[in-house]
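A, B, C and D label the chains in the order they appear, each numbered from 1.
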């Protein structure tokens, strides 16, 4: 069992540290014959890449992905695909202080306590740079899904940032790719978000965010009870993303406040099969997809690396006041959008393969 | 890979349906020499058992657990422990309607769509009775934890039910075991909860609930980044429980609304190591335990089996009005409390063993 | 990861000790809709059962298997199948000596050294009775294979016992089921084997044996390089059987003595695809099935439980002369035949499912 | 589950093709704090490297390994270690014929049948070059073992090649590293082996070989019955090596020809614990190490790539006469020696960690 792997049949293992020579993902179990090239993956990496706009850290990494194995003449061969991203922007600087101190709210202290050794440069293995490898792997998953079930669409967007929340009444699917926050809202709202975030940055602070990822067109029947449920795997996938503190399916935590009459989605018969009057379930019943949109939401905490001084200690136990001056996003939730999409793609593909392995094809007909 | 298993070194596989001859858990990887007998497990099963008070379904199962293997002369041998619970209260009745119809909000339809066959009696494999096997396995985990790290305490309680929420200002740890809702509140509050729930029952409705589970005394260093994080495994464990729609660690979804200055827990040096000024992180940083209380919360949706008629369809696609007359809890969240505790125990034990396997003992000293 | 499990998608976990209340297998990942009942499994268990003839231990266990879950109205549901065999013939006797002594060549001493506790009654977990659970699980696998790829036939037989070896020139496939040794030879040879074995029994000794298992009709393309090779999984499956000390595929150890011109199977084009001039490869090339017969062979050591005194020690280190007076087979290799068949069935089914999961259907056409 | 991974806690995933940009291994679960640098790994890679003497293919690859992650300031951090070996000697040539034909005895045909696409250059994923990644990973395992249990020594050597076999009466442990065949024999014998192999090469043929790998100093108690047995994992590890057709533990296949009186190793009490009068068991009883030398043997078939013409077919089914003119070892068994050592090291380390995880330390004392 690898602790740096996820997935059952489509299995991704990531490796690498923020400031080592490279990082990447070993992707095993991809179906053969899927058209893949580096530019397809680069598209998604560019979406996640820092330094694109002023709401992100100005670290300037090209994040160019190289395919080292598993693809031959532009198609996957069914053998492991090695995806490598070289770390090119490793500014040489004095890491002395960082080596012996712990940032509050950061993995510095727990890595030290667990291992007794840590690559402290840029957060080492705990850096959000690790998510670049996920995005690359997710790019592979997207292409494989396209080859298997052409109609599936996976889309992520922010639904909240600090005190701001989107207005679902004006939800605009087309607007998502047209603003720096990937919010389904028009340019005026995007400007408000921008102003809000700049004020936080100027206050030497950071802020959390909520991301929603939807998969449309997922066939009914994906998921394997009881511990390989589709929602179980999605919860693990999203919770494994850096800084995530909560995961919701459909109605999520709010389901606890509902009555049964309000929560259960009634079923009607449509032309192409069952239809539902609502989607409180988030497309998953008993751990198995129902054919409705699969809806996952997760909360990203505010980055703990801020310019405002925070109390902490040194390795020797003496007090230390931490001020993090490096390049850090004021809201890491923004860049978590393509990461969440990538995790959704990997989980959906994995369950498509699992279902085909055990069952072969959907078996229960309705109507 | 078994889809009905969870855990890495301490691995639990559950089996069985609601109305088959029996159900149970195969528990592998338990350390040898741990004192275990059936009465120790029965204690926790009795806590989960239906029919104990009027807030639960009146199905009357003794839920007596039998140990069939892996325990010799009162101690675990290190080989697989088979835990079996016979289903004794299988009322013979006409299941005709249930076989061909789907309850809204229930796994009936997705099991059918996935497998093309389902044991419809009492929900079959998707029944909450499966959680009895988890509770039995959790009993084993509790005893093993006690043998390994005596100070760890695991406790679950409800924090919300429908419109009700506990008042954290009057949080009373001792009161948890003294009311039918496992709420950390005095008897007056418990009475209010009871009145509220009875009103819902009389309205032929059900309601959701929120459960919090805390593990105290967990040593720093448990958890294995990046995909075997302690919070990742906890999220999967809790999301796999029937009817759970959201999982939170520490601050949870609310972390998205906080600023960095508010969210990060500052670190001070105490007599026995690092101390924190708050616990927004829920005891986990970068996927690794910090030594603070590990805090998990999950939402249980209202049961979809209610007396109020709901619209649905038959297998043949024709409309059908569902009224569920069986024995069902008005709030399944109540019985999820011991289940959440059991999952916490299993995950903590698993990570204790994993840590010992890779590291041997804590390595990074502070102070 | 469970240490008492094998298989990837079709996953079997066995549990239970020789003299506990019961033993069995938890079978997960079986395709749904496969016709299965207890009598189908009993057929194979009866084949493995002790006490059938004078070449086997006279322990008289009915070995009746019960299906506790995962089968509904005579068909598998896709959920875990629990197979239980109760231990009914647990003679009460004084185990005092056995508890504190170690039989040479037996797992007594290593279980003690590993765990510091062992169920010494009848060998506990290390008893060959564990293989009954495998045979039951193999019965499930056989039915699932039949449903997926009807033409596959799996057959085991002995090819050697002590100084005796079968004569491949007179190999008789039909004779296998007509003698007590499952040898592909006529009744005269079977009588010679019987005389030979009775002489060894009278000499208060035991003897080893070699078993060959063949799977015919396996489609080309099963197996997943590099560490999920079909031969890798077969080697693990056979080596995990009690008392097995060697595993061979096709030419096996003898391949080391051959030249390339002699060993490589030449390829011709037949009416239905490629044909081979020989089968030194045992039906597997590069870890993937070629469509030829899959041929596995394994050696079973002589049972270490014999009436001839052997030198050993007690737990306290003092010398002890071991004479094993219990009921023991003079050649455990005989009963390993149905066990080897069961393991072959489980591995083949697992790889059928794995192939379908990743690939869907054979893709490379020839001719 | 990754099909290109092996190991439980110490988990190795290899990736890469013979003629792609690079190949390597992702190593997860290594204990932290182990001193490792590239030169330590290069030592073992140089041992496996082709082109060192005239008994090997003259392909000239430096096989220089780079550590891309998981090692910081010369010590492992406990996070994934990425080992990369760039393919530098990829001669550009016309692969036209190879793309559409199948070499007898080679994975060409089965890869094609399974995947419908294959990287035919140099055998692609099925090339023995993949074993370079295992050797690099084994180098990590050796250093970790040294840090955990200093006394363990792992050594491989050839015991047979074609008609030749070593003389165990003149077994010379020191001589192993002093000849091109890693045989435990003096220079005269090595010269005989050389003459024999050159004659085979001149005859445009190849030959098989048998390799034995011994681990000395392995503590009693390693191995986890029933399907995670030490011998089960060793059998899988060795069978997964290219061209291996048989695996033996201790007495191996010959155990089938022995009587119980001859096979069981008697136990005496020595100064430091139990001692055995012989080692037919190969150091493993009931799947658990006994403290004796762990002895594994495997047969490597003769390479199928030879200059003598062999009959085969093209992808279109037409006949084709194969003559393999590339650079190929006349006996690939020689280079399998360091590969077998690497697999032994990985398996032993994995079981050291597993044992520590479940048990903590040896528990059963004798004497």
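The definition used in the following text is that contacts are C-beta pairs under 8 Å (C-beta built on N, C-alpha and C of every residue); 3 or more make two chains touch, one makes a residue touch a chain.
Computed from a prediction, not measured in an experiment: that's the story for all the values here.
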item: Longest centre-to-centre distance from chain D, chain (CA-based); value: B
item: Whole-Å gap separating chain A and chain C, where each centre is the average of the chain's CA atoms; value: 45
item: Distance from chain B to chain A - Cα centre to Cα centre, in angstrom; value: 26
item: Separation of mean Cα positions, chain C and chain B [Å, integer]; value: 39
item: For chain D, residues contacting two or more additional chains; value: 1-5, 8-9, 14, 29, 32-33, 78-79, 114-118, 125, 225, 354, 359, 363
item: Category of the chain touch graph - line, ring, star, complete, other; value: complete
item: Touching residues on chain C, where the partner in the complex is chain B; value: 1-5, 8-9, 11, 13-17, 20-24, 26, 28-29, 32-33, 66, 68-70, 72, 75-82, 84, 114-119, 124-125
item: Residues on chain D engaged by chain C in the complex (per definition of touch); value: 1-6, 8, 14, 102-107, 109-118, 125-126, 130, 160-163, 200, 205-210, 220-229, 231-236, 238-240, 242, 245-269, 274, 277, 280-282, 284-291, 297, 299-306, 308, 310-313, 315-319, 333, 354-355, 359, 362-367
item: Residues of chain B touching chain D in the complex; value: 1, 9, 29-33, 78-79, 225, 353-354, 356-360, 363
